[in-house]
Each structure stands twice: as C-alpha cells, then as structure tokens.
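Two complexes, one shared chain (chain A), two partners (chain B, chain C).
Then we have the complex of A and B:
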C-alpha cells in the first residue's frame, strides 16, 4: 500500500499529457456558446438595419410589441427546446395550441368559470404530451411519427369541439392582453409576463435540476445516459409532457391575443417553433443548446416580420423566405461546428 | 485447485443462463467476487464475458440462476438499480456524454443540491475531490470531449466511485490506452482494491491480466471452465483453457517455418504503377502475384488503409496506372473492383462490413448478390448451399444461418464478413485489420485460412497493426510511413519485427 502510494506520487510530475486541455494557452470562449452568439449577432444586425432604414423602428413601442405579439410562440418554443435537447421533435404543438384555444372557448361558452376552463385547456396539452411520451419511450415509435399522429388527433378534436370560430369574452382571458404602460412607449401584458416567467422556470429547470441535466445527458447519448443509471424513461416522457403543457398554455395566450377559439389556429406553428429553436442555436441532434437561445430565435423571427411590415411594399411571404434562408445558414453553421469538433 | 477465501463474497452468481435468438449466451455459469480482489474474467470473444457482466448490472435479464449481492438476493431491472446496490461499470467504449463537462459527467444524477436546486459550486468541488482521489488533476469545468480517451476512462472510474461502489467492473478498459496510461490505471485499480473494492477486470492482454489479477475465472462458449489463481495457471494453460481446440491451430501455424515460394515469373495479378491520391497516399508501385500474401506494415495513419482503398477502387487514384492481369483498368468504385474479382474487407466491421440487423445468411449472400446485380436474385437453394459451405469451412459459431449477425461475437462477425467475399470467388482479397479486437483462437483460425487461400492461388493483401502477424503470414512486406511506401522486402527468417520497425523509424533510408 505504502509503495503504491509512492509510485503514484512519483508519477505525478512527468505526465503533463494526462491533464488534458486545461493548459490550453489563451482563455477561449466555450464552444457551446458559439451558436447562441451567432443568434445574438443576427439579432443585433437586424436591429441596426431596421433602425437605420425606418423611423421609429427602435422605439419602445415596436420592441415591446415584439415580445407581446410573440409571447405564445416563446412559450411553445421553450417546450420545444426540452424535446429537441433530448434529440426528439414535437410536431403536435401547433395543433395542441389550437385545441387549447377551442377547449377554453367552448367551456366559456358553456358557462364554465375561468378557474376550471384554464386548467382544463392546459391539462389537455399535458395529456397529449404524456401520450406522445409513452408512445416514444415505451413503444419506441419515432418522435416524428408519434407527434405527427398527435398533431392529427389534436387538430381533429378541434373540429369536433369548435367547427366554427368561437369568440372569447371571458374577463380573465381578456385581461391577459391588457397593456401595462411602462413609459416611453414600453409596455408589457400579463401574457408577456407569463412568457418571461416560463422562460425563467425553464432555464432554472434545465440548468439547476437533475432532471434538466438528464435532458442534456440523453441528448448527448441515450445509451450512455441509461448505462450511467439516469432515469431515462421518466425524463423522456416528461419532456413531451412539458412540450404539451407549454403548447396548452401557449393556446391560452394565443386566445387572449385573438379573442377566439378556432380550429384553424396555429397551422404550421410547430415549424415556426422548431425554426426558432434551431436559429436559437440548439442542435437538432440534441444535447446542446439553451432555452434563452430559443427566446432569441423567436425574437429574430418576430423581427423579420416587423421589418417586412415596416417595408410596406413587400408581400408577407418574404417573411417565410427570409426565415428559410436564415434557417439554412444556421443549420450549416452548426454542421461546421460539429465537423470541426471531430 | 482454488484457495479457499477467508472472506464472504460480495457477489455470488449461481447457475446463470441467458439465451438470445439463435445464441445460447450463458449456460449455467457460476461466478463469485470477493471484496478487495482484482478478479479477471477471461475468455474468447463470444465466450460470454460481456453477457455475464450485463447480467450482473441488470442490462440483460437472466433466464435462470441466482444473483446474490452482499448477502441479498437481487434481480436488477437496470444499471440504475445495480448502481444503487453498489455495482458500477466502466465500459470499453467510454459511456459518458461528451457534450457535458467533466464535473457533470462525474456527478450526473448525484449533483449536490441546496433548496432543491443544484449547487454548482459544491458539485464541482465534489467532482474535483473524486478526480483527485484518482490522482487526476483536470479542470472539472472543462468539456469531456477535450480530453484523451485515457483521461475519459479515468473520469468514468471517478464517476463509478461517486456511487460508493463496492464492486467496480472494468470491461476492457485498456484496449485504447498506451503503456504509460495502463500503468496509471493499474495504480488506481490497486488503490481501490486496497480500500476493499471488489474489481472485476476484463482484458484481452495476458500480460495485464498477470500483472494485476488476484484470481482468474475462465469462460468458454458460454460455460464456466474454472476459477484459478494466476500462480497456479501458466499462460499457455490459460490460453488453452480459453480457446480449447483452437490452440492446436495456433501452434501449427507458429510451427510453419517453411514459406511456400511464390512464382513471380508470370504476370502479376495486379500491378500498380505510380498510383497515388493527393492527401491520401503518395504514388507507389506494387505488384501482387497470384498465391502471394503482401503484408502492409506501418503505424496507424501511415496510409495502409488508404493504399488498400485505391487498389480496390473505393477511392479513385488521381495519378498512375493500374493493371489487372496485364491489362490497364480504371477502378472508380467498389463495383468496378468487384467486377475484376477484387474484394475488400474493411477494418470497421461494424460500420462498413457486417449489417447487424440481418441474419448470417443474408450477410454472406450480399457479396454474391452485388456481383450478380440486384435484378437477378440469388436463388434460395444456391444461397443455402453457399452459406452452409462457408459456415462449415470457416467454423462460424453458432453454425446457424438464421442467427442475427449483430448478436455474434467479433471474431465470428469477421468470419461472416470473410465468407461474404470468399463466396464471390475473388482473385485478390484485401483484408484490412481482419483480426483486430478478436481473440487468440479466432485470430489463429483466420490467419490459417488466409494462408490456405493463398496456397490455393489467391492473391492477398493483408493489413494489420500487429507486426508479428504480418511477418508470420506475408510473403512480401510493403512498409509504409507518413503516407509513403518507403520499402518493400521479401519475407524470410532474417526479417524480424526489429528490421521492420527500423525501416519504419528510418523511413526506409537504411535499407
């Protein structure tokens, strides 16, 4: 034993190579932040371009609207981030969001109070998420297919509940859209506050809980995570529950925004959410990304729309073209990062 | 035969049996592990070592038998439960997540929390303590992927210690480490052993087994051969117990001193004149005659595989000329190689060779089918005949054409891969590391097979990182260094590994 310890000590000095990368010369930025940094650069560039081309672009009012008008998408994108971090995908969120608007609208029309209707709408999202999670984990169905099925199911249920658009007049929902003036044109709505709160909770969950770290570990390698003894099954089901819940909550925010429950709400919104997450620097293969990046991603999408509105003469389809181009650039950038890492 | 232990075993497995479709992986195996010992688990590929480990750690369920850990009957439903019972495993491929930091990998699932949230400061400090315990002085915040495999291996062991392991299983931890790193790992293992941890150690390297083990359990073909102390089991006997009958093959091959003289008077089967590819390998000349085994010797990254890929058409040359049987040919892709009866067995068995989800039969017939083109299906009768013939000739185990190839051991997968190409009756067989990662027995069988094929007139290019193996088999040896062919020598008894090593070191100038 004593001799063993001596040999251990004797070995200590002449082995610099085993200490790995610690002694790399200059302090470089952690690679993991590079994609998000790219998003920040794009966002700043767009603000500069917008600010230099149009009057009032950088006003408090425009910036506040950016957050307010996209609060539902922020919530949905946050849920999507959890799923994509594990290496999955959730195509059902747009339809689940619509279902949430329909359920709440239908319940209000039939005389249910807000304290029943609101939890019910959110719970519907959570339930669909749970069903998807079970399909993905227990029956090992590809997330793409499982969530596609959930998307059709939710969209179909919307038509069953609300064949026509149902107006929402419930005071609680209407209140979600009240503008609280913060001065200088800046304002915030309860919807915006909820969205920001969701972001904070998601951030803390991902970075300061064992569940959150397991999400990243699964994205890094599901097999490894399992062999490390992490609760892979529970975590994988839970991320879809979170995504479904976020979509349900997003539906309520959208209902406040549009004052109606309508079965055609949010068609293709899942793709906007995925685009926001990817532009926000999260790798589609999982394991790398930040929820704050997704928020930036939503803001980038929102800014594109704002710029095109300011331009006035451009068709709104240009939004899609710019988003598509940006998405392509970001995916290629990520690919380069991954290749360089190898 | 064995010394009676004076401590009670921490792990006692009795009568463990596990079956997979077409394979009986374990058949009534007994195994026990004492606290404070290093216990080596030995056996060929496919003997059941990994299966036994996975049974103990709850990755596989057992069909029958009993597992007692610390005096308690246990049925683990997964690695998490085994870990909770104090059994930690470090696998051959480091099973950590390289997207996270070192500290996180050590502490994942055991992070220190305050008020329900992770206290990163304390968690990193704890990680540093565990790393220090293994004399590993690295920044816990650094990314795991920034470290060498050896360091990652040690990080994995640090992680195993976090759960307060009473049993530490090391499954081939040394396969990708150099000798300094192995010595370092062994220091760690000894320290842990002296603290009373029971260590189960699996390795193919006999020297390492004798250097570190207190006891040895030998498995063969899913059955227990016996439990021994290293002192009572000389190396030769250990190998004999591991491989059974295959030992004779090995000695036969070792004894083969006379090398058949290759007739080099006619036209070579293949002639490469100034063939090269930028960034891959400098232009080289090489003649390969029928019945000749040409060995490629060189270090990893010296261009061995790259040279072989040009011969076969997997990459196309940007300079030089290739003649097959005296006629100039252009090899643009593997198909054109196959059309000239040139086949290539890749070094990455798993990704470029065996298709794990298909059966042995389907894997073997693939080569034939590729040669016929996909329009003309190989008739079932013919396929069955060919498959049966090669399973028999190469001794594929299990001898079941319907077994899923992915369930076979490495050595047997290699045989299936060989069978695939041999079924196309090639004239030139290029083997890239055919014996890597497979055990002594299967290795000897494959070497013998190659020698026999050459004796029947097949030209062979043989690539291996093991110089002894290249020297044993080859008639001629091409020496590569830094993507240059630096020398070519005719093999004789005067050519020893030292000669070749000198050539590699000097870059051929001394020859």
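Then we have the complex of A and C:
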C-alpha cells in the first residue's frame, strides 16, 4: 500500500513539472525576440502604408535602392551593435567614416594604388578604435568621453588631410558603386554585397563564436564575466577595434556612394547608427540585442526617408521628427517589456 | 613637498595647469593678450572676450553638471537652444513692434515655457518611466532641430530688436551683459546647492537612487527637477546665442554644444558615474574650453588643425585625470618620500 502510494507519487511527480515546462515554452516565442519583432511589425506597416499610398513604392527598384543607399550605414550600425552590446557607446563612427573617405581620396590623388589605399583607410579606422579601446579599458575613461575625444581627433585629421572636397576617380572605388541588374528593377552594387557580407560575418561571430558569447557576457555584467574567467580586457578593446574597422569600411562604401572624400561627411551619423541599433531592439545597457535587428533598424530609417521623398510635399525636417517619435515609441516599449519581465 | 603633493593631487590641478599654459602661450605670442583696456566706458580685451564667449557654454554646463551629478546625461541641450531661439525670434519677428521691451519679454517667456515643457518631458522619461537618460534625451536631440525648423518654417529667422540685441552685445557696469547673466545664474545655483541640503540630496540620488529614496529623499522629484533646470538653462543659452547673431539658425544653433558641455563638466572633475559634482570645476572646464578655442588663433595654429589640437588637449587632460595614471603618480611620489603618511584613497 505504502509502496504503491510512493510509486504513484514518484510517477506523478515529474508529470506536473513536464507539463509546466511544455506550458512555459509553448506560448509565442522567446521574450528576447520581442523588441526585434516590434521592429519587423513597424517595417511591414511602413511597407503597407507606402505601398497603398504611392504607385511603384513596392517596386524592386525602390527596395533595392533602400539597401544600396544605406549600405554604409548598415556596416557602421553593425560595428556599433558590438560596442553597445558590451554596454559601451561609440560616438566616433561618423568622424572615422569621414577620415576613411579623406585618407583614401588623398592617397588616390597622390598616386597610390587601390590595394594600398583601401587597406590603409580601413586600418586607420581600426587604429582609432584600438586607441579608444585602450583609453576605455586601460585608463578607465568612460566610453562616452573616450569616443568623443576620438571623434574630435578623427575630424581634426580630416581637416588636415582634406580641407576641401577631393573627388575620387579610382576605378576600384567607382566599381563599388556600379549596379548589377538582377531583373525586375532589382539591382545590387558591390557595396551592397559587402554590407550583406559584413552582416553575415557579424551574425556568425556574435552567435557562434566564443568571442561573441563574451561580448554578450560583458554586457550582462562585466564583473561576472571577469569572475567566469572570460577574456574581458581583450574583448572590450576588440569591440572598439571592430566598430572602428566597420566605420573605416563604411567610409569606403560612402566614398563609392558620393565619389569624393570630404572632411564634413557623416556629421551626426553616429546618432543615426545609435538610433538604428535602438530601433532594432538592442538595449543600451548592453547584453541584449541582435545584429539583424540593427539592420532592420537601418532599413526603418531608410524607409522613413523614402516615404518622405515619395510624399513630396513634406519638408525634410519631418524626417528628424518622425525618427525622434519612433525612437520614443521603441524606447517606451522596451522599457515596458523590461518592467513586465521583472 | 607635502604641500606641493597635495596641490598636484587636487582634482582641479591639471585643468588649471592647462588653463595657465594656454594663457601663457597666448601671452608669449601676443604680449597684449592679457591686457584689459577701457573703451567707451566698457572693458575691452581678450580676458573680457573669454568671459563673454564662455557665458553660453557655462549656462549649458551648469545644468549639465546637476544632471550628471544624478548619474544622468542630457544630450538634448543643443536642440533645446535651437528651439528657444526659434520660438522667441519667430514671435518677435511676427509682432508689430519688435523693438519694444514688452514684446521681447513676452517672447522670451514663451520660449522659456516651451523649454520648460521639454524639460518636463525629459524628466518624465527618466524619473517616472525609468528610461536611460542617454537614450531618453536622444529623442529630443534627434527630433528637436526638426521641431525648431518646423517653427521657423525651415528658414533662418532674422530680427532687428535693440532690447534683444543687448543680451549678447550689451555692457552693464563695464562688463558684458551675457557674462553677467551667466555669472548670476552660476552664483545662484552654487548658493542654493552648497548652502542648503539640495546639493547633498542631488549627490545622494546620484550615488544610489533606491537607497536615497528609502532614506526619505524624494529621488524622483529631484531627478525631474534637474532635467527641467537643464532645459531652462539651455533655453537662456539659446537666447544669448540667437541674440549674438540676431537670427534663429535651427541647423547650427548650439550644434555639438552638448559634447563641449559634457567635456567641460568632466574636465572639471565631475564623474559621469554621478554622485559628486563640482561647480567650480565646471567653471574651470568651461574656461579651459573657451580659452582653448580663442588662444588657438592667437598662438597661430592653422584653422584646419583646431579640432586636432582640441582632441589632443582633451585626451591629455583625461589621461592625466584617469584613475590609473593618478595611482601611478601617487605611487612614484610615495617612493620618493619614504614616510608614507598618506591615506590611500
């Protein structure tokens, strides 16, 4: 009798646990995906609104341009995502992007071949990122201040290298901007392909490598990450190097887009990149977010611009107001999510 | 030796050294740099110019210091300046009598009211909804210039109004009005925060909002108040800036001033981690940045290299102030003086 009861109990006990587990995993999906899902909903809504209001809005040409015209911002936002995931911020990306365009333009004018100028421009970005990483990690200067100093530094170097706009005629850079027709209005440029490649590499790095997990771990809690024996120092410096490198690469894509190197390029682009990352569902406190979300964020920003261009009667400043409003909505939504999770 | 050691350990030592070096370098290059003369009953000269030019940054940095003391940050100040100028100048321009004192007063009050609303909005996001300050104020930073353009209709509104021009270009008792305005606000804030418990309360919120709330400090009200104050100070800075050029330029008014203001606060020894603030430090930081900009031209650094020079000064000052370098300097000093009486910080 007693043993019977025990066996019944023993048999029964795991049952509620099991159903509980099933219940918990069944409803919808992981909460971590909710902010990104919000971005997808906004993107789809904007596509529907645009498609219903204007002819040719949903054409291959417009959609392809969305990717092509924002390829440099995608690359920059991807780099920014790494930094923000660790709980830092990088204000220098716009200036580093400009520096990269200036360096490549200057080297082309002075007769350097593309295979020297292009790596040099990217390397300059990586170097500035490395300097920022050292300031942040070794000298414990706050990321905000360190990247601010780097922003002034990069902008200052731009003015020294290229006080006036330098046209770029190098065939390699020009080739980056040539459209390959894919039929039906769809097209892609080598810069678009590079941007997509950067996204794929970043995605794999963040989700399938030890380095990527360390990035998330530092954002979740630097002290805990250190106690777990993760290479915090190396990773923290490296995320700024990645962001700088991405900004350098973004500069080359921008050079292909604008065919010139100019010291005032990309003023305020760091804000666009941060806005894209936030709209893409990454928390600025670090530790939570996805690189694909940032890409969606860039596309949302691009779509706002496209819709305002299509509308025609709306003045350009509405772009800023709409981006601000969208930012507000997303920030409040994220906040509500965090509160509900607790 | 110990006196000197204590002096170099003071958090304002390196910023003041930077200021003195800049002034010395300028004086060496142009011997009359520090000379102040009286012309038409007003004081003239580079030092007066530094004071006048400092006023806008000082007002913005004043509000920023309070916000940073609560472990916050306000990125929207530049946009608030643009909105303040846009609202006020649009109203003055559309009034029948732009030169009347009453018109200017009403327009400025309207500007202050609009900025008050923005400050309340920022404070609401941070204090009530608990959104990170950097992202909460990013909303207005992004949208604010758009709103200012909306108000001016995308144009640069210009006015001719003698009373409004006085704000930036006038003199009173031989001193520039702008510097006097900034000085009065600085003195009031310094008195109120340091002669009452308010300063300590602000710092307690910055150290630990939850603990201070449990201890009976109205953390929410204090955080809300500092954002409102910051917006109001930015608004007055916006008045001075638009009065200086007698135009509301929504794109360029106060552009990047949030960065300069944060820099001034940090150079002044206020930590971005909150919990401690120094208004004197902010004043020194503001003077360093303004003198830097002014002396660059005097010293003869090419205009193209201004930003580079600024970056180098900022990096050097920040590195010298960083905990690691401070620690190393202290350790070396301890080695030199064999009697270690200092209490480790």
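Simple rule for what comes next: the second predicted complex is superposed on the first by the 315 of 342 C-alpha atoms of A that agree within 3 Å, B and C clash if a C-alpha of one lies under 4 Å from a C-alpha of the other, contacts with A are read in each partner's own complex, and residues count from 1 in each chain.
The rule we apply is simple: contacts are C-beta pairs under 8 Å (C-beta built on N, C-alpha and C of every residue); 3 or more make two chains touch, one makes a residue touch a chain.
Keep in mind the model is a prediction, meaning the values are calculated, not measured.
Mind working out whether A:274 is in touch with chain B, chain C, both or neither, as first, second, both or neither?
The answer is second: A:274 touches chain C but not chain B.
With the two structures laid over each other on chain A, which partner does A:217 touch: chain B (first), chain C (second), both, or neither?
first
Determine, under the contact definition given at the top, whether A:156 touches first (chain B), second (chain C), both, or neither.
The answer is second: A:156 touches chain C but not chain B.
Tell me the contact category for A:138 with respect to chain B and chain C: first, second, both or neither.
A:138 contacts chain C only, not chain B.
On the A-aligned overlay, A:227 touches which partner chain: chain B = first, chain C = second, or both, or neither?
Touch status of A:227: first partner only.
Note which residues of chain B are touching chain A in the complex, please.
59, 78-80, 82-84, 89, 91, 95-100, 104, 108-109, 111, 113, 116-118, 120, 135-139, 142-143, 145-148, 150-151, 154, 159, 163, 180-181, 183-184, 187, 190-191, 194
Report the residues of chain C in contact with chain A in the complex, numbered from low to high.
73, 125, 129-132, 134-136, 138-147, 149-150, 154, 250, 259, 262-263, 266, 272-273, 304-312, 314-315, 318-319, 322-325
Quick check on the complex: what are the chain A residues that touch chain C?
Residues 89, 91, 135, 138-142, 144-146, 148-153, 155-157, 159-160, 163, 271, 274-275, 278, 284-285, 315-321, 323-325, 327-328, 331-332, 335, 339.
For chain A, which residues are in contact with chain B within the complex?
1, 4-5, 7-8, 11-12, 15, 17-22, 24, 30-32, 204, 207-210, 213-214, 216-217, 219-221, 223-231, 287-288, 341
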